[in-house]
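What follows is a short report on a single structure.
Per-chain residue numbering starts at 1, and chain names A, B and C are given in the order in which the chains are listed.
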Amino acid sequence: MTDTTDFQNLAPSAGQKFRQRTLPFLILAAILLAIPMTGPSRTFYTVAHQMGINVVFALSYNMILGKAGLLSFGHAVYFGLGGYLAVHAMGWIEEEIGLWGSIPMFFLPIIGFFGGALAGATIGWPSTRRAGTTFAMISLGVAELIFAAAFMFDSFFGGEQGISGDRMNGIELFGLSLGPIAEVYWFIAFWMFVGILGMWAFTRTPLGRLSEATRDNAQRVQFIGYNPQRVRYMVFIIAGGFAGLAGGMAAVNYEIFTPDALSLLPSGFVLIMAYVGGITYFVGPIFGAILLTYMQSMLSDFTEAWLLYLGALFIGIVMFAPRGLAGIIFGFFDGLRGAERGAFLKGWITSLVGGLFMLIGLIILVEVSVRWSNGYGEIYEPFGLHLDHASPLTWLLFLATTGAGIGLTALANRHKEGTT
Amino acid sequence: METLVFGLLNGVSYGLLLFMLSSGLTLIFSMMGVLNFAHASFYMLGAYFAFTISGSSSFWIALFLAPVLVGLIGAAVERYGLRRVHPNGHVAELLFTFGLAYLIEEVVKIVYGKTSVDYRVPDLLNFAAFEVYGASFPAYRLFVIVIAIAMLIGLWYLLKKTRAGLIIQAALSHPHMVGHLGHNVPLIFMTVFGIGCALAGLAGVMAGNIFVTDPAMAIQMGPIVFVVVVVGGIGSLEGAFVASLVIGLLQNLAVGINASFADIFGFIGLSELSEVGRINISSLAPVLPFLLLVLILIFRPQGLMGEKEL
Amino acid sequence: MTAIALSLKDLNKSFGPAKIIDNVTLDIEKGERHAIIGPNGAGKSTLFNLISGLYTPTSGSVTLHGEEISGMAPHLINHRGLSRSFQVSNIFTNMTVRENVRCGVLNALGQGYAFWRNIGSNKEVQTRTFEILDRCGLVDKAALPASLLPYADQRALEIAITIAGGADVILLDEPTAGMSHSETERAVQLIRTATEGKTLIIVEHDMGVIFDLADRISVLVYGDIIASDTPQNIRGNAKVREAYLGDEDLPEEIA
């Protein structure tokens, strides 16, 4: 038998550990610290805060989808219930009820975590007995139930108007009154960092690993002594907690929660964020949350059809890039490092240009149709072009770009199949 | 008394509509393993197509043509979308149909506008079929029941008596064997998906003018259909049938009960003034399917007629 | 009198009309190495599935260390000290070899569901994981994804996962199937050391392996145990020869 201290050799070296584990967090912290120094605008802060919340929310979603293999259509329930509890706690702090007077607003996300985990523990108990497609349907039904119930219990949910609070109460922590938006930034940045760190750490716990094992092979897990239902249930509770943490962040950021926060819409959105970002990578949902929050805040101003673009993007990812943005990015760098760099780059650029052409075609089609459908006589005029639904130029342009896009993508695919 | 009679009749017609939807979903699911999230979107398409067709010709043409169109769209979706995603597994397929639901809803909004369209019951059927206790029962509802039963018989005939039905049944119980027997599995999948969607479209034609035809009708119906399928036991047509009727009856009977929780549970001290006490049974009707779902999950996780799974 | 580790009594299993296990009664002593042989389709794997909790018996009982375990969930049976391998490799393909083994080890050390500690922080877990990898000859491949292992190594990993939890009754279902001669030899060596002092029940086709390893052999034919005896006596048993062995199946030097 070999000397047992040899097991050290199996683990990554100190240098590897630093590069893979410590360094990314140092970089993240540095970015978060540097952002306010650039003197960001109010709009920037608004969008950035939403991103911070969504990053935590999407990562919590991926704890169950990516790591445990549970597809949920109702994850906003835990975000919403955690957030609601936090808004109520905001009120208790303001009125200094009992011990609440001595709790700083800054800690509200912890209350949110608790609320989300409690909701996860209650709802997860019947629903995590099943996995796979059944679980997905159940999550949808349960979400509908909670959403409907929200309108029956006004004292907690506040009816259509929801419940609002005021974050500028209670004890100040770190000298932050949380009044000005630049101070809220530190609050969001802090909790986003904590959230990311916490969820990353979870992947390195026994339960975190077990959840991956259960996703891979639920049967085998039983024969080494684990109850897969219990594994799912525990992961579900913790994921609910982190969703609630994001809810607590949102409670402080917006100072209001309405029943819409736990409807199917945000549940679908978080699924799309995580999946578009790439569920097989830890950072995937972070990418997805940043991109889609940006798209949501920017595009919804420019076009009414933003949900159409969202759906198209999602379907495109499902069909052509199931590993998401993270898969595309990491795949690109891997390809560059690979042996056939030239061929890889050529194929990659061909697909990219092809994709862009198809995107332009889609945009023309959608934007012209939307204006046509509205019937206000408004005309789509990108780059000084006059794209009327009745003009042949419009449809010519649409056909040309789409055709070129399809052609190029097909070419890239044929090339790929030829080389591999 | 008349509330009971009407509750029963409406419950049956609504339940049969639910079965039209859930049978298609079940068929697709048990054949292909695909949970079609966009199923209710095809139901919506059925209603809109029927609106367009009956506007330019007649309801009777729409009744036939709209489901066929929806079925063709479904087949195309399978051929050019799902089939591509298939190698990535069932979750990917489910996600594909999830994205599709978004797309269909947005396209419908662009084509038909964001508000409801005026899709009406045809004049020929717009009369009272009979009267009970002074209230009248619309003939169209009766018509729905007739069509649904006709569909039921048609489906039964298709499955039990035709060659295609035998293949489908074989594929249901031994999905891997059918390919070995030399059948064209992709073609079967496309057909089944198309038929399932056509059934949803038919339900849309029938229901769009009873309820409202608007872009939200898919998202309202979708979750209920899923509940039916889970409660019935996933993959079981019989289960889906029973669950459809149970849920249809439950909802329509509850609507007629004008009693609050306080009225019922007053004897244990539930006050009229408390929040729970104020909830009215009739207002609870939309939530009942989901409550039933939770109860089933707790007491019979495999569903009414499903088999146990891990 | 020695203690009985595992006891099957009047065990039956039917799938629909087909009776696959037919009234099996068998006692296995503590520390015994028991081989189960029989033609393909005899019901050997089904027997393992009944014992380990994958299937519920149609009737009859299974007792482990005197406790009734039939109908119990597999993980509870595992907690009571029984672990099994699978005929078709059943491993966690998306994880590394080391993670595969560590999952088994964690449970034995009571940390299975822990979410508050780092997986790498516990010395004992690391040491045990390393020991098992070492014993199964997988140390060099510890960092590989399990799906990339060559076949023989996948079989070794299957055994590694099975013994990782430290169970004292081990069921191995055709551990050497499909291996080359030298690989088989290595595997037998591994099984021998890995199950030192434990109760072993092994399904095997390789007669060399069986006569080498087993204290006692049971012959299962059509779900029925037709003989259960020492290798010596089994070899001489006419009924067994007729029903199963067929002279050409026996390696020259034994027959």
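Just so it is clear, contacts are C-beta pairs under 8 Å (C-beta built on N, C-alpha and C of every residue); 3 or more make two chains touch, one makes a residue touch a chain.
Owing to the predicted nature of the structure, the values given are computational and were not obtained by experimental measurement.
Looking at subunit B and subunit C, the chains in contact with each of them are A. Comparing each chain's Cα centroid with the centroid of every protein Cα atom identifies chain A as the most central. Each chain gets a centre from the mean of its Cα atoms; for subunit B and subunit C, those two points are 49 Å apart. Rounded to whole angstrom units, the spacing between the C-alpha centres of subunit A and subunit B is 31.
Centroid to centroid, with C-alpha atoms defining each point, subunit A and subunit C lie 44 Å apart.
Subunit A has residues 219 in contact with two or more other chains. Of all residues in subunit A, only 1-2, 4, 6-7, 10-11, 201-202, 204-210, 212-213, 216-217, 219-227, 230-231, 234, 238 touch subunit C in the complex they form.
Within the complex, the subunit A residues that touch subunit B are 69, 71, 73, 126-127, 129-134, 136-138, 140-145, 148-149, 152-155, 218-219, 228, 264, 268, 271-272, 275, 305, 307-308, 310-312, 314-315, 318-319, 322, 366, 369-370, 373.
Against subunit A, in their complex, subunit C makes its touches with residues 52-54, 73-75, 78-79, 83-84, 86, 90-95, 98-99, 102-104, 106-108, 111-120, 126-127, 129-131, 133-135, 139, 142-143, 161-162, 164-165. On the side of subunit B, the complex with subunit A involves touching residues 29, 33, 35, 81, 84-85, 88, 90-92, 94-96, 98-103, 105-107, 110-111, 113, 219, 222-223, 226-227, 229-230, 234, 275, 279, 283, 286-287, 289-291, 293-294, 297-298, 301, 309-310.
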